[in-house]
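Got a structure for you, written out below as C-alpha cells; questions coming shortly.
Should a chain be cited, it is by its letter among A, B, C and D, assigned in written order, with residues numbered from 1 in that chain.
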Amino acid sequence: MPAEQKSITEECGIFGIWGHPKAAELTYYGLHAMQHRGQDGAGLVVNNGKRLLSHKGLGLVNDVFSFAEFSQLSGNVAIGHVRSATEGSQVYENVQPLLFQSQIQSMALANNGNLMNADRLQSELEHKGSILQTSSDTEVVAHLMKQRSMEVNETAIADALNQTSGAYGFLILTDDKLYAAVDPNGIRPLSIGRLGDAYVVASESCAFDQIGAVFERDVLPGELVTISDDGLQSSRFAMRGQRRMCAMEYVYLSRPDSDVNAVNVHASRKQMGKELASEAPAAADIVVGVPDSSISAAIGFAEESGLPYEMGIIKNRYVGRTFIQPSQELREQGVKMKLAPVRGMVEGKKVVMIDDSIVRGTTCKRIVQMLKHAGASEVHVRIASPTIQHPCFYGIDMSTYDELIAANYSLDQIRSMIGADSVSFLSVTGLEKSIIKDKTIHQGICAACMTGYYPVTTDSTNSGNTGSQVGLRGGSDHGKQI
Amino acid sequence: MPAEQKSITEECGIFGIWGHPKAAELTYYGLHAMQHRGQDGAGLVVNNGKRLLSHKGLGLVNDVFSFAEFSQLSGNVAIGHVRSATEGSQVYENVQPLLFQSQIQSMALANNGNLMNADRLQSELEHKGSILQTSSDTEVVAHLMKQRSMEVNETAIADALNQTSGAYGFLILTDDKLYAAVDPNGIRPLSIGRLGDAYVVASESCAFDQIGAVFERDVLPGELVTISDDGLQSSRFAMRGQRRMCAMEYVYLSRPDSDVNAVNVHASRKQMGKELASEAPAAADIVVGVPDSSISAAIGFAEESGLPYEMGIIKNRYVGRTFIQPSQELREQGVKMKLAPVRGMVEGKKVVMIDDSIVRGTTCKRIVQMLKHAGASEVHVRIASPTIQHPCFYGIDMSTYDELIAANYSLDQIRSMIGADSVSFLSVTGLEKSIIKDKTIHQGICAACMTGYYPVTTDSTNSGNTGSQVGLRGGSDHGKQI
Amino acid sequence: MPAEQKSITEECGIFGIWGHPKAAELTYYGLHAMQHRGQDGAGLVVNNGKRLLSHKGLGLVNDVFSFAEFSQLSGNVAIGHVRSATEGSQVYENVQPLLFQSQIQSMALANNGNLMNADRLQSELEHKGSILQTSSDTEVVAHLMKQRSMEVNETAIADALNQTSGAYGFLILTDDKLYAAVDPNGIRPLSIGRLGDAYVVASESCAFDQIGAVFERDVLPGELVTISDDGLQSSRFAMRGQRRMCAMEYVYLSRPDSDVNAVNVHASRKQMGKELASEAPAAADIVVGVPDSSISAAIGFAEESGLPYEMGIIKNRYVGRTFIQPSQELREQGVKMKLAPVRGMVEGKKVVMIDDSIVRGTTCKRIVQMLKHAGASEVHVRIASPTIQHPCFYGIDMSTYDELIAANYSLDQIRSMIGADSVSFLSVTGLEKSIIKDKTIHQGICAACMTGYYPVTTDSTNSGNTGSQVGLRGGSDHGKQI
Amino acid sequence: MPAEQKSITEECGIFGIWGHPKAAELTYYGLHAMQHRGQDGAGLVVNNGKRLLSHKGLGLVNDVFSFAEFSQLSGNVAIGHVRSATEGSQVYENVQPLLFQSQIQSMALANNGNLMNADRLQSELEHKGSILQTSSDTEVVAHLMKQRSMEVNETAIADALNQTSGAYGFLILTDDKLYAAVDPNGIRPLSIGRLGDAYVVASESCAFDQIGAVFERDVLPGELVTISDDGLQSSRFAMRGQRRMCAMEYVYLSRPDSDVNAVNVHASRKQMGKELASEAPAAADIVVGVPDSSISAAIGFAEESGLPYEMGIIKNRYVGRTFIQPSQELREQGVKMKLAPVRGMVEGKKVVMIDDSIVRGTTCKRIVQMLKHAGASEVHVRIASPTIQHPCFYGIDMSTYDELIAANYSLDQIRSMIGADSVSFLSVTGLEKSIIKDKTIHQGICAACMTGYYPVTTDSTNSGNTGSQVGLRGGSDHGKQI
C-alpha cells in the first residue's frame, strides 16, 4: 500500500457511468481498478429509476462491497468514489458519494481534489443557517448550489464552482443528469470513455480498461460536461487556464497502465529513469528499483545506462492490513516488513537504487541500510523526480513542511542521512521532458510541491487566468522552469 | 495468488526455530515469508517449557494469526507450516503441524512433500488397530514411529522414514528435541540458518531474510538433523542418492529472493530468459512479462535480445480472496480480473510475451487475447521452461494428465490454441544450464513433470540408490538429458 | 425479540447524562437496559470537553459498541439512542443521535416519538434551500432551530417544537447544555434521575436501575428541562395538556421493572390479568402465559381466578438474530422456532392462555395450535388489553389497518380464526383501572389504537389544549371511556 | 447463560437421527434445543450415503452453523453434540462428535458424561503404541473398541464400555449403524423418539418437541440400542443396576419443558418449591424467583404458601457473550449486569427469594444485596434443593470442594455470609419426593454431590451391581435417605 511506504496519499478516485444496466456493478469494478487512489473508504450511489440509492463504507473496495447485493442496486446510472482519509477524518459520514435526499430533487456528489477556501465558505453558509454534517469540501459545494437554486442545473453548478478555488474533479448525479467538471487549471485528472452506448467517467483510464470501456477524451480545464438521455453536452463554467496536470500523478500516484492527458504513466516513468541516467550516471554494477512504483524508472535507467536491471529488492505480496507489525525489538533484530533484499543479487555489488520520490527520507534510509546489510558494497540513490520542498494545497496529503527532508537539508546532508554513497534527483526540466510531449495538450505541469510555484491561490477569483499569477512562494528559479 | 493463475500448487512450507525467546512470533514471520507456498491453512506448535501448544487454522497466515495472542504462546522452540490444500482436503483437521499429546511424550510434525506409499502404509496401520484422524501423509509417519518405539528418537524416525518413499522435508518436534530430515534424493528443499545463537530451519531462505537470520547450509539428501540443548547433530537415515532438486522450485514455486541449493531463484529465472532468447529469438518491438513470476525471465530475455523491456501487463495489487468475480456476461464484455494490458505500451507493437510455464494453456490464451485486444500487432509467446507432459508424484499439485496441454498437443497446435503468432519453450538443457552451476551441489534436477524420468518410484526401497533406477515412464530422450 | 413475535415495534429509547466522568460508558449501559425499545441501531454522542464525538452503528447495542474504545470517548456529558427501524429506513445515516458539527456551535439530537407534520415541514425547509440528509423527523427539528437562531437555546428549541405536532421525548446536546423535552400531552415517556451529583435522563426508569441511579421525577408534558453547570432549570414551551401516556407502554413496550409515570409496569400488567379474570373468567385447569411479555398478566389472572399458574409454553433463550429459520416444509413437520409447548404440563388440560395483545392474530393462532398439538383439550385465549383497531401516529409501528385482525373481524370470527375455544379481551375500562392510580398524575391514557380517539391531530397547533379536541376518528364509545 | 450465574456446568448434550432425508438439519435444530447443555462447542457428523462428513466448531450452535451449507451435508443419518468445556479444554480438537476416518470402517462418537478411569486407560493405550489426539474420554473408547476388533459392532462396544467406569450416554455412528448406550446406573439421561418412520435419540426430550418428534422411551441403564435399516434392536452390555438419575438434571440442568425419566422438569421444580414451602415457611409479603431456573420453584412456593408471586428480579434478555462487563469501579457504583431488581415490587416488602441451588454463594449474596438496596425490608432465602457438599465425578463441572460454601460453613454462617434474614434448604427427602413418582422407574436418584454417596466408584468393575456398594464417603445419614 503506497500509504505505508511514502507519506504521500492521494485523496480520491471518482467514477461515473450513464446508460448501462449493470451500472452499480461496473462502478464497483471501476473503483476497484482505482483502489490505489484511496484505501480508507468507498461508496457508490445508483439511480434505480425511482430514486438514488447509496452503498458505502469504511475500508477497501472489497471490504465495503463484499456483502453488497447488486441485485438491490439495479439501475442504469451510478457514480462512485474511493477515499484516502487524513488522520481524524476516517469516519463513515465523510465517505463519498454524499447523497442528499430531498422531496424536491435528490443529488449525489463525488469529488477528487481540494478546495482551498472551503473553511471560509462553510462559515458563511453556517451563518446563513445551513447545517453541514461532514467535514468534506464536497458538502460545501452542495450547499452553494442549493443556495442559488431549488434545482441543480448547469447554472447552479457553475455558480457554485466559481465561488471555490482549488483543484478538483467533480461528479454530480441528479435524478435525470450526470455532471462532470474539472478545475480551471486542469490540475486533477478526469477522463471520458465509452462502453458501447454508455458513457463512462473516471479519474484514471485504467478504470476503463478494467471494464472493457474505451478512452474517448479528457475533461478539459474549466469544462462542465452534462450527460443525460440526450447524450453528452459540453459547456464552460470558467475560462480555461493553462492546463497544468499534477506532476505527482505521473511520478507516483497513477497506475502505470493509465494514460493521463494522453501520456502513458509507465512510459513517462521509464523516460524519467532515462533522463535521470543522463543527468546523473553512476559507476555501478546493477540497477535496482524499489517496488512497485519505481520499477518503470529503474528499467529506464538500466536501458539508458547499459547496466543490468536486477531484482534486488522484493515486496511481499501478502502484506495486507491485518499484518501483525513486528515490535521495535524484533525489527532491530532484522525482522522485515514488506520489503526484503535479494541477497544473492546485491551481495558484493555496487548498486544503483532507483526510487520515485523522497518525502521524509525515512523509508529510503531503511532500504539503503537493508541493501548494505545484504552485502551491497555501494549504494547510489537516484530519485526519479525533483526534490519535494513545498506543501500541496490541491488534494495530495504530503508530510508537513517540517518533515520534508529536501526542504530542510542540502543534497549532501540528505546523502549522509540516508546512508548512501551518492544521491541525485531528477531536474524539473528532466521531469517536464518526460511528461510533456505535446504543448497543445500540456501547457505545463503543476509541480508546486517541487518548485513552490502555485498555479491557484486562495485569493484567486478562479477567472481562468490563474496561470499567469504569482504563486504563493512564487518567483523562484524552479518556478520559472515550468 | 499463484493458484488462480496456474494450475500448479505447492503444498507446503515448513519452518522451525530452536533457542529464541520469541520462537512463536518468529515462526509467524517466517511462515508469512513463505505464504506463497500455501494459502489454505497455517499453524504452529510451540514448546512453552512445560508442554506443546498449538495455534492453527484455515486460510492465510494473517487470517489465522490475526487474533493470536503470542503472549500465550511463549517458549523457545517452535515449528510451523503453511499448507496448500487439494479439493476436499480443506478441513481444519489436516492443517499442520499435527500435534499428538500423550502422557508419555508429546510430539508435533510438519511436512512439505508427498509420500507415494502412504495409502498402503495407512491400510497396514489400520489393520493393526491404529486410528488415524486425518488424510495427511504426515500422520502415517507419526504412527510408524510410535509402532516402533514408545519414545520418538533418531532410530524411530529413521525407521519410519525408511518405510516411506517419496519426496519430503520433515520437521518433528518433541519435548526436548527438534528433528529435520530431507528425502534421500533431495527433491524437496530445506535449509538451516542461524539467528544469533538460535537455529532456524525453513523450506526457503527468504524466511531467514525476513527474520534477520543468516543462511548456513542446506539439509542434505537422506540427512537427519537433531537440534537440542546440546547443539546440532547430523546423522543419515538413508544413503545419499544423487541430489535432484525439483526444477519447478526455480521455474515457478520459490520466491525470487530465495537461494535454493545455493542458486538464487531470480538469477536462475533471468538466465532461463537469456537461454530462451538464444534458443528462440523473436523479431519483435518489445518484451513483456506476465507478472509476477515471469518478470525475471522477461528481463533476462530483454537483456539478451537487446529488445526493450516494457510493462505491457499490469497486475492489480488489491485482488484478494474477497474479490467479487465478474459474471461470465461481464467478462465477455471485457471486465478484467487481476491482469490488465497497458494499452499505451502494446498498441501497434510486436510483443514477445514471456511466461514461466504452461499447464493447461487457458490463462496463456486469455493473456494473448488481452494483448491483441489492446492493439498488439503480433504476440510471440516464449515460455521460460520446458513443456510439462507428466504428473508430479512428489508434492506438486498440477493438472491431471488429460489437462496438460503439452502432453496432448503439438507445438503448432498449442500455438493455434492460444492464438499466438509463435510459441517456443525452453529446452531441458537450457533449463539445466540455468540452474546447475556446481555439480558438487546439484547432481541433477528433478524434471520428472517435463521428462517423465522419475527419480523415486513407489517400489523404491529408499536405499539411496534411486538415482540410477528406471523412472516410471523412463527411457525417454528427455529423461536422458538430465 | 419482541419484533418477531408481534407486529408492534417501539421506535426508540433515549438516554442522557450530565456531570459524570464515565458519561459515554454509562450511556452504553443505559442504552443496553433499553435495548428492547429498539434493536436496529444504537449510538451516542459525548462532549469530550472540546468537541462532540459520535459513535454509532446498525444493530444491537452490543454489536455497535463491542469494539468501542471508551477511552477515546471520555467526557462528562453524553446522550444516546436505540432505534427500531421501519422497512427501508435501516441505514446508518438514520441512526441517532444526529450530530451536526459546525464552526459556530455543534449540537446532537436524539428523539423517541413521531412528528405528524414532518413531511410538510421538510418540504418547507427544502424550498428555503436547506439540505436534509436523513429521513428522520429529528433532523427537521435541527433545521427549524437553526432557521430561527444562530445559537441553539431555549427560545430556538421552543420555537421549533411549537411548529411540530406529534408525540415525542427529545434530547438536545450542545457544547454547554443538555436539553430534554416531552410533547404537550405527555404521550411519550421521559424521566429524570440522579447518580450522585450527575443528572440522568432516560425513556425508561429501568435504565436508572441498571446504572445505580435513582429516579427523581418525570419530565412533564410541554416541559423543557435545561441541564448545565448551573444545575437543572425548568421552563415550558407549551401549555400543558391532559397527560395521556401511551397505554402500549404498559401493555407491551416497557420493561416490567420500569415505573412509567409512577406506575410499575409489572404491577399494572398483573392488574390487567386480574381485571381480565374478573371480566372474562374461564372454566379451565391451568393458566399459561406467552413468554415473556404476558407472564405478569398470567400470574395476575391465576391469582385472581384461583387456577394454578403453569409453565405451559417455553421460550428458547438462545434464539438470536443468526438463528437459521426452518424451511416451510420442516415447520409443517413440526420444527419449532423460539416457542415450545411443555407437553407434560398441558396434555389433557383445559388451558387459559394469556397474551398481552393481538395485532394480526397469526402468532396467537400458531400458539393455540401448538398447545392443542401438545394435547391441550381446550384453549381459552384471554388477551390482557383491548382490541387494537386503529393505527398509531405517535411513534409505534403497528401493522397497517388492513392487517389489524380486530379492525376487520368480530370476536367470534377471531375465535374461529385463531382456533381457540373461547377468546376475550380486556375492556378499556379495565385497562384504565390497571394503569391510572392517581388522577393528579394521569389525566388519562392514550389508547388511540384501541379507541380511535387521537389526542393530537396534524392540524393541531400544539397549543396545549389538544386534550379537548375531536380525534381523528373520534366520537366513538370507546373514545368516551377514556 | 447458566454458566455465568452458577458454577455448575453440564458438559454435553447429544442427538442422533436415523432415517430422515434432512438428518443434518434436524440435528442442528435438536442441538439448538439443547444449547443450554453446552455453549462452548457444537458439531455434527452426517452419513451422506458414501462417507461420514463432519461440521463442527467452537461456540454456540448458531455460531457454528450460521454458515453451514446443509445442502452439502445431505444424508439420512446424523449425530450431533453440544459441549461445555472446562478451562483449557476449549480447543477445536475436543469438539465432538469425534470422527475417525478409516480405509476399513469410519466411525463417529459423541458422549455426554464422564469416565472416571479415562486417564489410566489412556496411559495403557499409549504404552501399546496408540496415538490419541484429544483430551476427550470419548477418544479412549474409540481406541478400546479398535483394539478389540477391526470392526466396530455390539461386541466391541460392550467390551470397550465394560472397561470404563463412570456415567455416560454414548452415540456411535458407523457406516451402517447407529448405536446408543447409557451407563449401568442410568445416571445420565438419553431418550428415544420417533419422527414418522425415523428414529431420534437425544439427551433431553425438549429436542424431540423442537423438531416435532414424539417421545417413545428412555434408554435403560446398561442398555445398548442398535439402529439400522433393520429397525431398532436392544441388547445389554452390563447388568442393570439401580437406576439413579442425576438429581441436578431436575434441580438445574434440564430445560423445564423436558421430561426426564417420565417426570416433567418444571413440575418437579414446582413441587420442590411446594415441599420447601412446607418444610421452611417464611413470614413474608411476596415470593420472588431468581430468573430463569428458579421461577418454577418460586411459583410452587407461592402456591403452597398462599403468598403472592411477584416479578421482583428481572433478567436482561440481551445479555450475550459480547456484553462489555462493567469495571469493578462501575459495579461498585451500582452498574448491574444481567439481573436487575424491580424496585416497584420489592420496596418496603418482606421478600422470600427462591433460588434453585447454592454452590459458592457469591451470586446469591449479590442478589440479596441487590434486593435490599432496592428497598426490601427483609430477604428470606429459600433454596429449592439440598446443600451441595461434595464434588461430582459424573460429568457435572462444579466448583472444587474448597469453594463449596455448604461444605465449609454452617447454615447460620451461610445466612450471615449472604446477608439474608433467614436461609433454608430443601431436604434430600423433599427432593426425592419431588422427583420420584414411580419406583419402577426411579430406584433412586444420584445425589452424590449433596450426600456424598457415590453410586459408581473408580474401582467399580461396572458389573451392574454398583448400586449396593459403599460410596466414596458413604454411610452418612444423607446417603441413607436415598
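One rule holds for everything that comes next: a residue touches a chain if its C-beta (ideal position, glycine included) is under 8 Å from a C-beta of that chain, and two chains touch if they have at least 3 such contacts.
In UniProt terms the chains read A, B, C, D = Amidophosphoribosyltransferase.
Here the structure is a predicted model, which is why all the values come from computation and not from measurement.
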Let me spell it out: compute each chain's centre from its C-alpha atoms, then which one is farthest from subunit C's centre? B
Distance from subunit C to subunit A - Cα centre to Cα centre, in angstrom: 50
Roughly how far is subunit C from subunit D, centre to centre by C-alpha average, rounded to an integer in Å? 38
When the centre of a chain is set as the mean of its C-alpha atoms, what distance in Å lies between subunit A and subunit D? 63
Residue list for subunit B, restricted to those that touch at least two other chains: none
Can you identify all of the chain pairs that touch? A-B, A-C, B-D, C-D
Considering only the defined contacts, which subunit C positions touch subunit D in the complex? 22, 25-26, 28-29, 32-33, 35-36, 60-63, 65-66, 68, 195, 206, 209-213, 255-257, 259, 264, 266-267, 270, 292, 295-296, 299, 303, 308-311, 314, 316-318, 320, 322-324, 326, 330, 333-336, 340-345, 374
Which bits of subunit C are touching subunit A when the two form their complex? 54, 91-92, 99-104, 119, 122-123, 126-127, 129-135, 142-143, 146-147, 150
